[in-house]
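Both of the next two complexes hold subunit A, though its partner changes from subunit B to subunit C.
Let's look at the complex of A and B:
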């Protein structure tokens, strides 16, 4: 199975930390590889919008929330484990084929 | 509003919790700007305590607070604490309190690489800033252990969080579930929060559950170390220290009569001291309640306020029964000077009774209080719990300068050797102890009363008979004599007997006096007769002497005449 649906992803980071920057690039890298043209990514800095941390129930940072397609899923971490990331997006079969970690 | 301490007083500054009794134990409150761990088993009141700390802070001490909860949501929590009289919706609207529900659902979280809990910090920082909070509650942060997969990260982050709270100067309460065995908390939170640890506990003893609180640790300050029972009542939590840390009550010189003239006379003529406690103990039917009722009535007559806690009879019953001994309580109830609270001792645990009493005393502000009887409270509690409870009640009464009368039933005390030990050891708490006894003698039961002790005043050591009649209560001197104490009819009979004997004795005296007078008379007559006899005798003697002298003279004259005649010189004889 390959991804066909449209993915709406929101990545919450807290300030410009190396971990946050790493997360952004990792998400883009994985999504460009497996979900090219099928996803939109919004990066939110909760230190700029702390209200969103409350409404979106953000505890760990970075947190990626998949709002669409349903169900809502969360992945926390710097997204360096691409298999876990894809699992978090309910892309089980892709995740099985993907390398376990991004090498930098 | 922090508690300001003088600069030369290097103690930790404290943030008062506003929870009744707790600040007393904590020596002022929780450490300002530091986190405090409150831990205990499920349902022992951790959340309530934390919430009250926040609400009181916001309403009484001008310190807004953030309540970050991990288990309940805002609506659930608001509903739960409404029972304590806290209106969270209103306080939230006034920006005095902010509730933040942190929801974590493990099953929708996937972990991919390294992360931290900065989100939590951002949220907390935001909520603190938005209301200018001084107090923070995290309830129960342990829920994160279920939601965050990597406990290593979580632990490091919690350590950072508590440090961060300290740096921000937040007076915080962190709640934690009690761990298995000796562990204070399940996840070892005490490792991170080391300044102040309060342990809550709920135990069931004799079918009555009691919550208890203990300050396990309080760095840099003196605190009460005992276990203190506490209650979640209609006005929040109240911790009632078994003994207040100080014994510094005012001692009034003012005296309060008990209302029975001769009883007051026994107590130095003026009654008991204001703010003191009076124990009236006795076997069933000795008139304990009557004394208490008379005391209440007398207080009301003076225009004072009285509170009557009844554990045996209903209000209507008391009013009716007391009327039979000439005490009418009804007008005072109607006037609002007297409040009678009747309840079954088994209705609730001893602690609840105590808190109810506390609340009522605080609300009604009475001058006198009656607890009738304290012995019935032992039904609801283990005997040795009654004393600490009474101690606390008496503490309050003394502090508020309320005079208290406590009746107590002694079991099986119709013999003269009443088992006074059955006073649940409370007599040492009492300033005055009146002991009532039944005396059974010649087919009749009578009541006696005496002052067993009365601190700080001269008091009578006499046993008096205690008489209850339609016209009221009175004390009568008992008959003492022949090594016996007589009361009632026996006393009356004895008195009549005494009177008859006295009359008889009087008559006897009269008779004896009369006899004496007669005897005196006869003796006097005898004396007179003897005197007459003596007189007669002396007259006789004189007569005889005179006669003899006369004869002698006559004889001489004859002789002279003879001689003259014989000598012929009659002249010589005539000259002699």
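Let's look at the complex of A and C:
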């Protein structure tokens, strides 16, 4: 699969934690590299709004939800491994070329 | 409970559903693995009260959360960026300041929020050096929002370190000082504008402390007016610079001012350091300067104004005196014209004589009552023979100025002479001539003399009675110059001569001629 569709992503974090902070940076970095111009990212802090966690059945943070294109996918962790992150988004062919880890 | 019969699925649908289930199981396994391996920092647990969030990083996480809550509440904008300047934290104040939402810009480069500009070119290098050396920088710069709004900001930047002590980004506390800067600029403009008024005013201005009554500022005009340096004025009381006669008078002025808020003194004598005397007017006001009372004294040099007022007073007196004189002359003309003339021609003769008087008067006014050139007077009185001047009317004489009284008397005489010459004398035919001459003799006591000689006219007949015209060219002319008139009725032509001390007939500067 190649990235041609429009991706709608939502990153759930719980406050300003080092892991949440890293997740934000990593998601943006990977998306800017592989999905430039093809994605929308919304960062949701559930420590401020816990009820928002219910909508997407969030069980841990940081969690990234791919809302579109279907099917819905979720990735948990600080997204420091770009290959795992891309696999989670169903971008298998890109994931195979991507480095296994990025900055922590 | 009702169970719905499930519609048999196609093979493709079953395969897709199977794939989805696998993917879901993998996600759950990944989630469990992430939780086990410590890749998550919080768990969300459903409860009767709603979802509850449990932090997994002990005290550090708690303190992180506490710090986050604190930063979220502060009124200054707080923003954190990582080492690549990606935004990792943005509080509510920062969202408001830059017109963005944290959810939309977190993870983006800071340039997606604003463009940074430095006030001075060297500020950037200084900031980088401070961050590198001390790990922090405080200063002002300009942030331009993505919608173009320019913000003047005061920033406190601190370098953030990771658990290994390596720089991992910076935390910025940003305060919007745009409004303050705008007021500073307005204040500066105001200061320049009103300072210029103070510095260039053509009145002396003194600022005094009402408590000590001492001068705390003075404008340059005041220093010039008094001949003191600014530093010599500051710290002195008004009586010490000669504005009031003693300490008590100076104190009384301040006391009056405290009671009425404004006092005014006219005609105060003021002496400059070099002894120059000036009349001044002082207007003092008590003002409030940001809670502190100050006295402002405007000191105006009215020496020139006073001189002008005196001059105007003198002129009014003089005009009054001259008007009375003129009315007396007119009265005499009326009386004499009526006494010696024919009643049928009275009005015409009177109008003619008053015209002559008016011509002389015009000359006096034109010369600001400072005397009249004899040549101008002659030409004015012979205006109706203008075309004969230089041909049949010859005028010879130096440039000398008659006094006001002399100009009036001689002017009337010339008018009578010209009228008679036109009616009966040398200008009543086509050949006659008139020679008008005047001179000033060079002697210890110079004498002004003037003559009117006619020839070529009809044969002169000696009048049988003395009319007013003869009185004008005789007695009135003599009185005007304190001199002596000589009237001769020769058969060949009439002549008139007038001589008088030059000091009586001429304005003083002419007497030396």
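The criterion applied here is as follows: the second predicted complex is superposed on the first by the 101 of 104 C-alpha atoms of A that agree within 3 Å, B and C clash if a C-alpha of one lies under 4 Å from a C-alpha of the other, contacts with A are read in each partner's own complex, and residues count from 1 in each chain.
Just so we're on the same page, a residue touches a chain if its C-beta (ideal position, glycine included) is under 8 Å from a C-beta of that chain, and two chains touch if they have at least 3 such contacts.
Everything numeric in this text was worked out from a predicted model, so none of it was measured.
In the superposition on chain A, contact of A:94 is made with neither subunit B nor subunit C. Once the two complexes are overlaid on the shared chain, A:24 sits against subunit C while remaining clear of subunit B. When the two structures are aligned on the shared chain, A:74 is found in touch with subunit B and with subunit C.
When both complexes are overlaid on chain A, the residue A:16 reaches subunit C alone and has no touch with subunit B.
Legend: residue contacts after superposition of the two complexes on their common chain; A:85 is shown touching subunit B, with no touch to subunit C.
Looking at the shared chain after the overlay, A:35 reaches neither subunit B nor subunit C. Where the contact sets of subunit A with subunit B and with subunit C meet, they give residues 14-15, 17, 19, 46-47, 50-51, 53-54, 58-62, 71, 73-78, 88.
In the complex of the two chains, the subunit A residues touching subunit B come out as 12, 14-15, 17, 19, 23, 26, 46-47, 50-51, 53-54, 57-63, 71-82, 84-85, 87-88.
Across the complex, subunit C meets subunit A through its residues 20, 23, 27, 30-31, 34-35, 39-44, 46, 50-53, 55, 57, 61, 64-65, 67-69, 71-72, 80, 82, 84, 86-89, 102-104, 106-108, 162-163. If you check the complex, the residues on subunit B that touch subunit A are 100, 102-104, 108-123, 125-127, 144, 147-148. On the side of subunit A, the complex with subunit C involves touching residues 11, 14-21, 24-25, 27-29, 41-48, 50-51, 53-54, 58-62, 71, 73-78, 88.
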